[in-house]
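Chain naming follows the written order as A, B, C and D, and within any one chain the residues start at number 1.
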């Protein structure tokens, strides 16, 4: 199924929840959605018989300056089609629903996004840091992050 | 000896003391600096919590400060035993952003290199898996053969492990004249050793008893956890990016996708995941033979390398390729300058490792090590 | 007793002789251990197409000596949380258990340190002392890995003593003696007189040969398990337990564990040779037989058995704990019972 | 029961098969390379192979201080200072015959940082920086790991930092002085020109 058809289906179902569709080479076609609806949209994407996105390839965090972006790359084994779902959350209140219970692989991806960008995935069972030490402060992948001078007596900048 | 059923965790309501054991980060069998917090009841594993990040070296943060070609040495260091395969999806992603058409010869050399590196990676994977089971000798036979492959790669790229060979739009260096012959010789050696190891290790009764029927990963769980590569194919899912989401020139070659069949135990056990790797080596050999036969002799490998690397602003792409361990993807976002805005590496091992707590519960402690070995992780890629 | 020990004949039955007799195997053991370590290094290397140690001495023959010197020089670490008396005692107990067995090993027609009549029984009795040392060391180290290794070791030892003992018991039936020297004497003649091939006798013994061969195999397997060699090295289990019960030991104490392992290898090889392979008897009847040739044949055969142990180690993967138990209790034990039954039947018929 | 006997048989048989393989390998020639005596064939760029990417070597007679290597380095292990050539006062030429535009009074490569990616050699316009087949850094002295050019710098004890310069300190001072003089001269000339220009202009106006 082509990306614009997927967009049509989602638009029909969620209306205002779907913000934008963009298809422009060389970028992958993507659909922007409301962050609060992300769980429902992903649920539809996974379970609707004509979409069947059962494979979450990648979940990435982004720093867009004013806001934080989360990008879902989805793939369907059955229909062998792909789609990119994008959403943004404000930096001050970066809360959005977790998709961990739809695709278990999102568990670690969301933990990583939380770890590096500081999004709060509500509904995640175990949202703790994954790559950084558990007592690290700040979210280092944000563009405005200043690295600390010291961590437990060790000098950080090399 | 096929009584190795998964022990039901609810098997006993007895008052039993459970012991928490830290496996790693400096444990000989965690394949790197992985720490597993294991709760064991006697010998039976009741809970596994992986703690990762001991090898975290801020790959993604680094990339934001690098120009596009400078990222390649860092990409090499993700999955450092199959560096050629790592470079490929990254290079392809940037090439797609820049809309570069790669010369024919480069494509063939890339295929040969990637497949050779796949063989080298699977050799290490099977060898260390045997080592986890206690068999030391096959380990050294594989390492002996891997040397022939590494010599070829060293002659082409100048490095033995971290090649920096695939450049955006081309290759760092052309192949040398006797390249084809040496590749074919290396393949011959690989096949010989594989046949030997099949008898020495894979079909050994003790090895089968150790690895069959443990760590069973059903196909639906594997897909939900986004497992890929031999970990997924071991569960019987016939899915290979080289065929199913074909890239480069893989559609020109005739090869099979080996899947686990549950030959000696249940479908999706450790033995299946391992045998898939053994068969994949043979398939890679086939691909290499065809590629060597078809490869054009003439052509400049550097002709398409762009002088200026500035992908259009806002362009972004997710490019994935079949790493020996599974799907390795790079999500590259450009901001119009010569430095990427964001590079996310979807580490294969990172994703595959996340399934470990699910498939290792209820088996023996010694099995945990084998299950970990069978999903073949490299901590460089897990922690990035 | 005099006729089995040339030293008593030579020097008379006094304290110095006794001391000399008990020290002689130790001297042998040291030399043997160096050879066995070298053998292990070199054989494993050749099997893996390596060359092994090459720098110390000619082709690396002095490597074991260098390792011993290194181990003696190393710092002796006692963990802070360890139970110190037990921790320090454990390696010596393990070694004592291994060394005590040498008392009854018949090296030659005219030399056995102590020719007691319950030789085989004695070996099994003192062989279990080692397990106490292993548990002691594993528990006293106060480390979870060593504890797991020690637990496994005891479970393994208990399960494998029984099939091993069954195999030995059938030898007692065949030779109607537990004296090692008597057993050797019963196998005089060509190699088909060995108990491995049913012992002395004419054509009617042919049907018992599969059973005695089976018993040899069972004892071989059980002895591998008793000495914690691959494929039964789960108490060490380096891939999961790092080094098992001796994880925390270093320096000389570790060397004692190491030494004890090699001593044990020789003990089980010697028992196998004595019970099944004719001991110090020449395989070719009276050809090349005699007291000194006897020592040669005995040690030579033992070394062959040790070679097989090393060979197996570098070929096979390791078993898991439950599979080890399965093999011990459900395969070796019933099979050894069956073999024992038929061997006894054979004995009754003759 | 049949399965039981079959499994025992399989166990014994596969063990024997394995033992046969390892026994045969006992008599195969070993493949070990006794390292310091024998060595790996390291590709050295001849016969169409790539150059092995080991220690970097800089030919200072070719280096023009363009800093491309330093910019290309992903780990910033190359640090160099440059000193402009006082054009007109001195006319040094590089080994390949080109005019030298800059002196390089300090050029340091920190091999503790270097990742041997080869990017610096690929961007060098004059092939001044090159990989060598030299891969053994070990030395019994710390100073042995440092390559130095002059004897009076022997106590240059800074780990794996290699320094490549062909100018003595006195020469560097000399060059600096020459450059400073040259610059001062130029500035003076410029000032004179700017002073002269308005004068000329005013003269022109008045005319």
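Operating definition for what follows: contacts are C-beta pairs under 8 Å (C-beta built on N, C-alpha and C of every residue); 3 or more make two chains touch, one makes a residue touch a chain.
Every value quoted in this text rests on a predicted model; they were computed, and no experiment measured them.
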(message) Please tell me whether C-D or A-B has the greater number of C-beta pairs in contact.
(response) A-B
(request) Mind checking the centre-to-centre distance between subunit A and subunit C? Centres are C-alpha means, answer in whole Å. (result) 63
(request) Please compute the C-alpha centroid of subunit A, do the same for subunit D, then give the distance between them in whole Å. (result) 42
(message) Rounded to a whole Å, what is the gap between the Cα centroids of subunit C and subunit D?
(response) 59
(request) Let me have the rounded angstrom distance from the C-alpha centre of subunit A over to the C-alpha centre of subunit B, please. (result) 25
(message) Can you list every residue of subunit B that touches 2 or more other chains, as numbers and ranges?
(response) 1, 137, 144, 200-201, 204, 206
(message) Quick check on subunit C: which residues sit in contact with 2+ other chains?
(response) 47-50, 314-316
(request) Enumerate the residues of subunit A that touch no fewer than two other chains. (result) none
(request) For this structure, give each pair of chains that are touching. (result) A-B, B-C, B-D, C-D
(message) Help me check something: in the complex, which residues belonging to subunit D touch subunit B?
(response) 3, 7, 10-11, 13-15, 17-18, 21-22, 25, 31, 41-43, 47-53, 72-74, 115-119, 122, 131
(request) Using the touch definition up top, name the residues of subunit D that touch subunit C in the complex. (result) 8, 15, 18-19, 21-23, 25-26, 28-32, 34
(message) Please output the residues of subunit A touching subunit B within their complex, sorted ascending.
(response) 25-28, 54-58, 60-63, 71, 73, 75, 77, 80, 84, 103-105, 107-109, 116, 129-133, 140-141
(message) List the residues on subunit B that touch subunit C in their complex, please.
(response) 1, 3-4, 19, 21, 27-29, 43, 130-137, 140-141, 144, 200-201, 204, 206-207, 209-210, 364-369
(message) With touch defined as at the start, can you tell me which subunit C residues reach subunit B in the complex?
(response) 44, 47-50, 144-145, 148, 152, 230-231, 233-234, 237-240, 242, 314-323, 326-327
